[in-house]
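Here chain A shows up in two complexes: once beside chain B, once beside chain C.
What follows is the complex of A and B.
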């Protein structure tokens, strides 16, 4: 029963949880930056008229979306050494999260760009703007606005997904909970504590998403 | 070299079939249960009782705010401490059903709220009972909004079922993990594992996309 729930042990392990939380945060930040880079490239490829860039981008996005992240993670973790690429677990984890989230980010960016009414582009053409000018001055600033809330939603997903890295022994937040569970046989203390930490991150990002929606003047912005 | 490995992998096909069966069974059971409970929760949440809807809302937020892996660990390791004995399969079903129910609840709520109030008022004026209002007026119209994301949610559920391999259930992902210990070719083994998921999930993704286009067109809406 849970009547022996030991807050003392939680306090004793707090430095470990703190380290795990910090690791989860910065590895998520790095992975999200990676996902943005992957997503921008994929979205640009996917918006081309010619099939040469569009087809591979579409295939990649579909392949990522139709398979579980855990299988992708193991694919890289067990597969990269096979190609002679030996990386630390942490780097493999960040790579997997970036490549996975990148596919979703690409779809968000594409939807954002496609949401700009055609008239805007035509007005740009009529004003004698070049393609680059239209993109930079007309389309991207407006697309940027609508993509922020769903991008923050994807960031929430990414933070939660990063828990899977504990399965390849990355010392992040979930791993800290597992250590407490296995070292002291205290799964309740371990897992309830990390759940609370994840909720903290979740509500933080959710609040940010709501605020950004208000700043950007998007009524009823969905994340 | 690669032939030997392929042969070795082919030799473990009974294991692979068992894994695929486990993945399909886990997904299917929790899909059915999760849909039923999710619709129930969604209807309750829009039912007008403030206490009930805020309790459901808080629970959905808790589930959406924590990683699924942590939820599985909580269920698998803590329910026994509360005196509820359960095996890994039951724990997996409970975790997946709960996850699906929470996300489907949100989808159903969005669908019900999209039905214009005039429709409900007209049903009230026609003297329909609460049950009939829901079943014959609100839900049929809400389904247009609900259906595309619901199918998308099923894809997520199938993919999330891979996480239950962490508590030792021999699903497709776990089979890959077992095979890769014998056949040291992670690229090949997990390509095949991925292919297994792809064959199940991709048709559903296409279906969701088509539903979205159809429902969007029927509604005359501009889809993002």
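What follows is the complex of A and C.
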């Protein structure tokens, strides 16, 4: 069985996989930055008491979470041009991942803020802090700590989701595997190799999570 | 003990016919009470009698439904009253301390002075160190709350309030969450604050503290002030059945 497995071809295609890996990494970084921006805005809207901001934010989050990422990607890729908005594949891909992941990030941030005990808000109020000061000095620094681990989990999901961009011809890691599979009829070699690279990225992010955990643990433990 | 109560000036804290409801529950019933500058008033009563709600109204952590509440000459709920500004004049010590866990003891004390009072950092830190030394925690300046005992945390919380140079200090059961051996270290600090002439309202069942520094004890039950008098009058000669029943329960041991 293994005599049919061509390591030589994998080595031959390594530059292509390398390019795919680099593309996956930077488009994931950009998408996650976008997701953070989308998530912070949505979480802020969702935490308001008035319905004016809260209802649209909730509707958006529900819509994103209820529909497949693939459907959202196809809507942006095939749907937007029909509406007169034509964007390059890469931009559509990053946009789709940002908008999708942003909904999940919003819920992580909201949960982090709501996990801070009521007494912290009251301590800030009692010392004469404004809403903005309480958020900036008391709530967000504490919420930040508790959201780091779930945010890194969401980043791992995003990296794997980015494989879907191969379907709109973005030359990322999975696309490299597809090319090997279709050019040389070597799907086993192609997809095993990308699996190994994804595993590499996964351990990279996990290491980052462990590092940040240790770093945050040093800066004042929570009671 | 000589009383500093002025006889005819308006009080530092004035409740006039204050009512508050939680849903259908009348948690404060027609409260009328005046606390004079430099006066120390102890509020006691059974659990759920509205003591905490009473003092939480003073800095607006709770809002009142009707009646007047005037603090430092400013009427709460009046559009002309800047609540955020008024709160800087009122220190509030919580039962559960509520220190900022991500800040050191010193940072807890200096945070509001720097950002709210706009005192220069160096000056705030100098004052903060002095206050921590005053509450006996000079060696814990750089400790985080999680590294401190309950009694130490509560003393940091008191220093945090004093850092704002308030005119009024409110204490909401400050020793109820503490292990017995830590209660006196907190009470000692409170006695020192009282002796410097701070206007204080203290929700507590610590009778020793009340006898030592309070000019008045207010007894509440079911949202109303049932009895009020000097500590000696109240503890030795309670006038109502409800206060007698309450005292027999807390003094039994």
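Rule of thumb we're sticking to: the second predicted complex is superposed on the first by the 215 of 223 C-alpha atoms of A that agree within 3 Å, B and C clash if a C-alpha of one lies under 4 Å from a C-alpha of the other, contacts with A are read in each partner's own complex, and residues count from 1 in each chain.
Keep in mind that, in the parts below, contacts are C-beta pairs under 8 Å (C-beta built on N, C-alpha and C of every residue); 3 or more make two chains touch, one makes a residue touch a chain.
Every value quoted in this text rests on a predicted model; they were computed, and no experiment measured them.
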Discussion item. If we overlay the two complexes on their shared chain A, which of chain B and chain C does A:187 touch? Say first, second, both or neither.
Written reply: first
Worksheet item: What is the contact status of A:88 with respect to chain B (first) and chain C (second): first, second, both, or neither?
Response: neither
Item to complete: Return first, second, both or neither, reflecting whether A:119 touches chain B, chain C, both chains, or no partner chain.
Response: second
Response to the item:
chain A contact check, chain B vs chain C, more residues touched by chain B
Item to complete: For A:138, decide between first (touching chain B), second (touching chain C), both and neither.
Response: second
Worksheet item: With the two structures laid over each other on chain A, which partner does A:129 touch: chain B (first), chain C (second), both, or neither?
Response: second
Practice prompt. Name the contact category of A:174: first (chain B only), second (chain C only), both, or neither.
Written response: first
Discussion item. Per the definitions at the top, what is the overlap between the chain A residues touching chain B and those touching chain C?
Written reply: none
Discussion item. Going by the contact rule set out above, which residues of chain A touch chain C in the complex?
Written reply: 117, 119-120, 122-123, 125-130, 133, 137-138, 141-142, 145, 219-223
Item to complete: Under the touch definition given earlier, write down the residues of chain C that touch chain A in their complex.
Response: 59-61, 84-85, 87-88, 90-92, 94, 96, 98-104, 111-112, 115-116, 144-147, 160-161, 164
Item to complete: Name, in rising order, each residue of chain A that touches chain B in their complex.
Response: 1-2, 62-63, 65-72, 74-75, 77-83, 111-112, 114-115, 146, 160-164, 166-167, 174, 177-178, 181, 187-188, 191-192, 194-195, 198-199, 202-203, 206
Worksheet item: Of all residues in chain B, which touch chain A in the complex?
Response: 62, 64-71, 73-74, 77-78, 81-83, 155, 158-163, 165-166, 172-173, 176-177, 180, 184-187, 189-191, 193-194, 197-198, 201-202, 205, 222, 224
